[in-house]
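Take a look at these structures.
You will see two complexes here that share chain A, one where it goes with chain B and one where it goes with chain C.
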Partner chain A sequence: MELVTLLAAVFEPQLLLTILLCTLYGSFVGAMPGLTATMAVALLVPFTYFMDPVQAVAAIVATTTTAIFAGDISGALLRMPGTPASAAYVEDAHALARAGRPRTTLFVSLFAASIGGIIGVLLLASATPLLARIASRFSSDEAFWLATLGLSCAVFVGGASVPRNFASLFIGLAIASVGIDVAVGHPRFTFGINDLYDGISFIPAMIGLFAIAEILRNAETSDPTRLGQLSVEPLRTALAGAWGQIRQRKLGILRSGVGGTFIGALPGAGADIAAWIAYAVSRRLSKTPEKFGRGHYEGIVDGGTANNAAVAGAWTPALVFGIPGDSVTAIAIGVLLMKGLTPGPNIFSSDAMLVETLFGAFLVANVVMIVSGGLAIMAASRLLRVPRSMLMPSVLLLSMIGAYAIMGSVTAVWIVLGLGLLGYLMTLARIPIAPAVLGVVLGEVVEDNFMVSMMKAQGDLTGFFDRGTAAVLGVVTLAVWGLLLFRAAREVISGGGSRSRETEKT
Partner chain B sequence: MADTRDLVTGSALCALGAAMAIVARGFPTVGGMAYGPDLFPTIVAVGLVASGLGIAAEGLAAGRNRPDEDGGRRLGPLVGILAVIAFFALALDPLGFHIAAAISLLCSVRLFGGGMVAGTALALVGPVVLHAVFYSVLRVPLPWGLLLPVAW
Partner chain C sequence: MLKKTSLVTATALIAGAGAAAAQDSCDWTPDRAVTYIVPWGAGGGTDANSRKLASMLEEKWGQPFNVVNRTGGNGVTGHSAIARADPDGYTVGSVTVEINTMHWVGLTDLTYEDVTPLALVDIVPASVLVADDSQFDSLSGLLDHARENPGDLTASGTSQGGIWHLALAGMLNAEGLEPDAIRWIPSQGAAPALQELIAGGVDVATPALSEGKGLVEAGDARALAYMHSEPMEALPDVPLTAETLDSGWTLAAYITTSGPAGMPDNVACSYAQAIDEIIASDEWAEFKASRGAEVVSMSRDELSAYMAEKDETLGEVIEAVGLAQ
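The block that comes next holds the complex of A and B.
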C-alpha cells in the first residue's frame, strides 16, 4: 500500500512535468560555458518558492543532475567545461569530438552520468535511514560539533589553501551573523535597515554570490572561443558506439559510482573533486594509461559516472545531519528551511514521505535526463551559438527580478549587488565561494546550538564533551583542526601557490 | 618582494574582522552572563583576522606576484554591469518594472558587446516574457511605475 502511495506521489503529472522542464533547463544552463550548475540552481530558487516542498526539491535535483552532465557538451565541443565538474576529462572529450565522434562521446558521458546518478541514489536511499536512526539521539552538543565538523571538513577538502578556505568560511559566517541575534534578540550589523532584521535574505545572497559574481567575471574577460565547423556522426552510430563503450566498462562504472557517491557525501567535496579523483584512479588502474588525455573513453566513463554519483552523495549529510555536502545542497537546505522543514534526522520520521519521494524523484530525474540530455546533444551546435551578449543580460535581469520576487523589496537587488561584488572580489583574491555558502547556511545552526550548549554548561567549555557521542565528535573535530593548522603552516611556508588554480571556479 | 594581491586581501580581511569586533563590543549583554550577542561575531572576527594574516603570510612567502590565470581584465564592462544593477534598484519603483528592465537589458547587451538591433529586440521581448512568468503566473506584484495608467 505504502509503495502504491509512493509511486503515485512520484509519478504525479505535475511533478513529472517539473522534472522534465528542469532537466531541459539544466541541459541548457550546464552546456553554456560560464554558467555553472550551482548558478542554475541559484536562478531556479525564486521559482521553487512558489512550489510545494517535494516539487521544489525535485526541481533542484533534476536541474543539478542534468547540468553536471551537460557541462560535458561545451567541454567536448569547445574544450571549455560548461561546469567545473567536467574539467577532469575535458581533454579526452575534446580530442574525441575533433576526431569526428562528438555525439558518441557525449552519449557515452550521458549514459555514464545516468548510471552514476542511479548508483548514487540507491546508495543514498539505503544508507540515510540507518544514519538518521543514529543521529536522532543527538542533543545540542552533538549538533554543534557535527555542524562544526562539517564546516571544518569543507575547509579540509575544499580546493584552495587552508587560510583561503577559512577566510571564505568566516566571510559566510559573518554574513550569517547579520540580523536579530538568537540569545537576546538584539539586532546586529543591520545599520538601521529594517529589511535586514531577519538577516541577509538567503535567496538574494545565493543569486549574488553565484549568478552575479559569474556575470561580472564574464563581463571583464573577452568573448570565449567560437564554435568552429564540426563533423558529426549519424545518431544511430553514435548511440551504438556509446552503448558499446559503456558495456565494456561495467567494473569501472561500479567503482566510480560508489567512489563518487562517497566523495560527494563529504562536506565540501562536490562533483568536481569526485570526477578528478575517479579520473586519476581510472588512469592508475587502466591497462592503457598512456591513452589518457589524448581521447580515451575510459576516463570519460569513470569521471562522468563519478560526478553524477557525487550529486546524489552530497544529499546524504544534507538530509541526515542538515549539513550540506556541496554548494547545491547548501542552497537546497536553505530552500527547505524556507518552507518550514528542517533537514536532519527527524525529517525521516516527521516527513518520511517527502524523503522517499525525493529518492523517487532522483531516480526519475536520472532516467528522464537521457531524453533531455539526448535532445541537448542533438541541438548542441545550435545551443553553443547563442551569443554571450544576449545570454548574460538575460541572466542578469532574471537574477535581479528573482531576488526581488522573494523579498518584495528593492533591498533584495542591493543585496544581490553587494554579494555579487563580494563574490567577484573573492574569486579575484583566489578565495573559493563554496565554504562561504556553507557558512551562510550553517551559521545560524552553529550559533544556536553553541549558545544553547553554553547556557546548559553555564559557560563551561568542558560541558561540550560531557556526552559520549559529543566527546567523540568533539575530539574528531579538534583532530581535524590540528591537521588543518599543520597543513596551513606547510602551505604558508611553501607560498600557497600550488593549489590556487583550483579556486577559480566553484 | 611579495604577492601584492595577497597582502591587500589579507589586510582587507583583518580590517573587516577588526571592524566587526569593535561593533560587536557595543552589543548589550544579559545580566550576569559572560556571553551574549557579541560572542559569536567576536569569534568570527577573530577567524577573519587569523585567515587574513594567513593569506598575507602566504603572499610574503610566495615572494613575487603570481600571474593571473584569466589573462587581461576589462574594467569598463565590469563597472558598467554594477552600474546597471544599481540603476535597476533605484529605478524599479519610480519607473516601474517594464521600463527599468528594458533600459537595463539594452545597456547590458551593449556592455557585453552586442549590437543596437539585438539589444533593442531583447529589451522589447525580455520584460514582456518576465512579466508573463512572474506577474501573471507566479503572481509577484511587480511595480508598474510610470505605466500604471495602462496596467494590464
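The block that comes next holds the complex of A and C.
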C-alpha cells in the first residue's frame, strides 16, 4: 500500500515535468564553460518558492546531476571542462572526440553518469545513517590526509612526465595561496586589492587555465576550420559503441560508484575530488595505464561514474546532521528550511514520506537524464560545424560573463585573463593543466586542515597519527608520495621527456 | 581611509537632515533588481535568514532580490561591500554583530556608523556544546577542569576573534579564568567546527544553540549551557548561563538588514516598514519556529541604540581577553 502511494507520488505528472525541464536546464548550464552546477542551482532558487518541497528538491537534484554530466560535453568537444568535476578526464575525452568519436565518448559519459547516480542514490537510500556515522568520524587530521592523497592524483592524472605534473601542481598550489590565510588571518599576495582577500577560487582558475588558454591556442593555429573537419559518427554507431564500453567495465563502474558516493559523503570533498580519485585509482589498477590521458575510455567511465555518485553522497551529511556536504546541498538546506522542513535525523521519522519521495525523484532524475542528456549531445555535436571564428569569440564572451558572475567584480575578469595567459604559456612548455586545477581546488583544504591540526596538537607533528583512521590514511599517503618522488627522480635522471612529447602529438 | 569614513558620515548627516522633512513618505519601492549582500557563507544561520527575508521582500515588491554571499576576511569583505555601495536602496545586506568587533581587533576601520540599520532580523545566543561521549555533563564541571588544567581543552566555532570565540573567552574571563584556559581552534564557521566536535577533534564548541540544535536532537552532542536569560523554546531544558553562572554572563550575536550610511530616509523607512510587515507575518513566524528561534523586532532607533551599546560592551570583552589592537 505504502509502495503504491510512494510510486504515485514519484510518478506524479507535475513532478516528472519538473524533472524533465530541470535536466534540460542542467545540461545547458553545465555545458557552458565556467557556469557550474552550484550556479545552476543558485539561479533555480527563486523558482522553488512556487513549488512544493518534493518538487523543489527534485528540481535541485535533477539540475545538479545533469549539470555535472554536461560538463563533459564542452570538455570533450572544446577541451574546456564545463565544471571542475570533468577536469580530471578532459584530455582523454578531447583526444577521443578529435579521433572522430565525439558522440561515442559523450554517450559513454552519459551512461556512466546515469549509472553512477543510480548507485549513489541506492546507497543513499539504504545506508544514509551508516554513511553519516563514518563521515562524522572525520576530523581535520583525516581531512588533511585525504586532501593530500587527493593531491597525489595530480601525478596519476596528467599524461606528461612526473616532474611536469609536479610543476603544474605547484603552480596550482601557488595560486591557491593567494588571499587571507585561514589560521591567523594574514593577507598574502593580495597587493592591497580587496577582491583578492578571498583568494582565487577554482572557477575563475578553471575558466582561465582551460577555456582562455584553449582560445589562445586556437587563435595561434592558422587552420580556420579545424573543428569543422572533425568527423561525427552516426548515432547508431555511437550508442552501440558506448554501450559496449560500459558493458566491458562493470567492475570499474561498481568500484567508482561506491567510492564516489563515499567521497561525496565526506565533509569538504565533492564531485570534483571524487572524479580525480576514481580516475587515479582506475589508472593504477588498469591493465593499460599507458593509454590514460591520450584517449582511453576507462578513465572516462570511472571518473564519470564517480562524480555523479558523489552528487548523491553529498546529501548524506545534509540530511542526517543538517551540515551541508557541499555548496549545492547548502543551498538545498536553505530551500528545505524555507519550506518548514528541518534537515536532521528527525526528518527520517517526521517526514519519512518526503525523504522516500526524494530518493525516488533522485532515481527518476538519473533515468530522465539519459533522454535530455542525449538531446544535449545531439545538439552539441552541431557545435562542431560552427566556424571557429564564430565559436571561439562566443566562448570568450561566456567565459567573461561566468567569471564576472562568480565574484560580481571586474577583478575576476582580469584574474581569468591573467590565468589564461599562464595556461597558454604552460601549454607551450608542455606542462599539463589539469594538475594545476587540482592544486587550486585542494590547496586551501590542505592548508586549512593542516593549520587546524597543528594548533590542536600545539605544533606536534605526530598528532597527525594519533587517531586510528588518520594514522592509516597518513601511512598510505606517505607511501604513495614516496613512490612518486622515487619515480620522479628516476625519470629526471634518465632524461625522460619522451612520454610527454608523444602526448603532445595526439 | 579615515578621511573617507568621515566624509561618508558627513554625507549621512546632511542626508539625514534633509530627509527628516519627508519623514512620512515611506512609499519608495525598487523598480529594478536589488543586490542583497550576505557577508557569510551559504548554508549558515545568517544566510538562511537573509535568503528567507530576501525572498519575502521579492514577493512583496515584485523585484528580484539577488542574494550574494561575499564571504572572506572574517566578514570584512561583505561588510565593506555593503558600506561602500551607493546608498540608493539597490544594495542592502545583512550587517551582523561583527560590525561591533572587527574594528576593535584591528581588521578594518568600518564601524556601525558606516551603515544605516533598517531592521533587526535575528538575535542568536551562543551555547556550550560537547560531544555525546564527553566526560563533562555540566558547565561547572567543564569550567573546573579548565581552571585546574589550563590549555588542556580545545574549543572551536568560528575564526580567531570571531563572535563565538568572544563568547567562550568572555565567559572564561567573567568567571575568573584565563581567557585562553580553553584553547581556541579557528574554523571557517559553525558547520566545520561542529564536524570537528562530533569527530572528537575538539572538546567544546560554542556556536549558536540554533546551529547545534540538529546535533543535540540527534543525541550526537550535548548542550551544557545557553548563553541567554530566556530558554530556547525548542530546547527548553538547556541550562541558562544567566542563572547558573555567578557572573550571569550572556552573549548573543545579532543579524540586521542594513544599507550603506547616508541612505535617504524615505528609502530607509520604506525598507523598515516592509520588513516590519514581513516579521509580523505567519510565514515568518513559521520559518522562525522551524529553526527553533524566536521572532524578534526593533524599531530603527532602538536598533541604532542597541548596536551602539553592543559596540561598547563587546569592546570591553575584546580588551579583557587581550585581542584588542
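Throughout what follows, the second predicted complex is superposed on the first by the 279 of 506 C-alpha atoms of A that agree within 3 Å, B and C clash if a C-alpha of one lies under 4 Å from a C-alpha of the other, contacts with A are read in each partner's own complex, and residues count from 1 in each chain.
Keep this in mind: contacts are C-beta pairs under 8 Å (C-beta built on N, C-alpha and C of every residue); 3 or more make two chains touch, one makes a residue touch a chain.
Every value quoted in this text rests on a predicted model; they were computed, and no experiment measured them.
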Q) Should A:D141 be classified as contacting the first partner (chain B), the second (chain C), both, or neither? A) second
Q: With the two complexes superposed on chain A, say which partner A:G244 touches: chain B (first), chain C (second), both, or neither.
A: neither
Q) For A:I331, is the partner it touches chain B (first), chain C (second), both, or none of the two (neither)? A) second
Q | Partner chain(s) touched by A:F189 [first = chain B, second = chain C, both, neither] | A | first
Q. After lining up the shared chain so the two structures overlap, which partner does A:G100 touch, if you call chain B first and chain C second: first, second, both or neither?
A. neither
Q) Is A:G482 contacted by the first partner chain B, the second partner chain C, both or neither? A) neither
Q) In this superposed model, does chain C or chain B come into contact with more residues of chain A? A) B
Q: With the two complexes superposed on chain A, say which partner A:V492 touches: chain B (first), chain C (second), both, or neither.
A: first
Q: Using the superposition on chain A described above, determine whether A:S394 touches chain B (first), chain C (second), both, or neither.
A: first
Q: Could you give the residue numbers on chain A that contact chain B in one complex and chain C in the other?
A: 183-184, 408
Q | chain A residues touching chain C - in the complex, by the definition given at the top | A | 45-46, 49, 136-142, 179-180, 182-185, 194, 197-199, 267-268, 320-324, 327, 329-331, 333-334, 337-338, 340-346, 408, 448, 452, 455-456, 467
(Q) Quick check: in the complex, which residue numbers of chain C touch chain A? (A) 35, 41-43, 47-48, 51-52, 55, 58-59, 64, 68, 70-74, 76-77, 80, 107, 154, 159-161, 183, 185-188, 191-192, 194-196, 198-202, 213-215, 217-218, 220, 286-287, 290-291
Q: Going by the contact rule at the top, pick out the chain A residues touching chain B in the complex.
A: 47, 50, 161-164, 166-167, 169-171, 173-174, 177, 181, 183-184, 186, 188-189, 212, 215-223, 387-390, 392-394, 396-398, 400-401, 404-405, 408, 410, 413-414, 416-417, 420-421, 424, 428-431, 447, 450-451, 454, 459, 488, 491-497, 500-501, 504
(Q) Please output the residues of chain B touching chain A within their complex, sorted ascending. (A) 5-6, 8-9, 13, 16-17, 20, 23-24, 27-28, 30, 33-37, 39-41, 44-45, 47-48, 50-55, 57-58, 61-63, 66, 69-75, 77-78, 80-82, 84-86, 88-90, 92-93, 97, 101, 104-105, 108-109, 111-114, 118, 122, 126-127, 130, 134, 138, 140-142
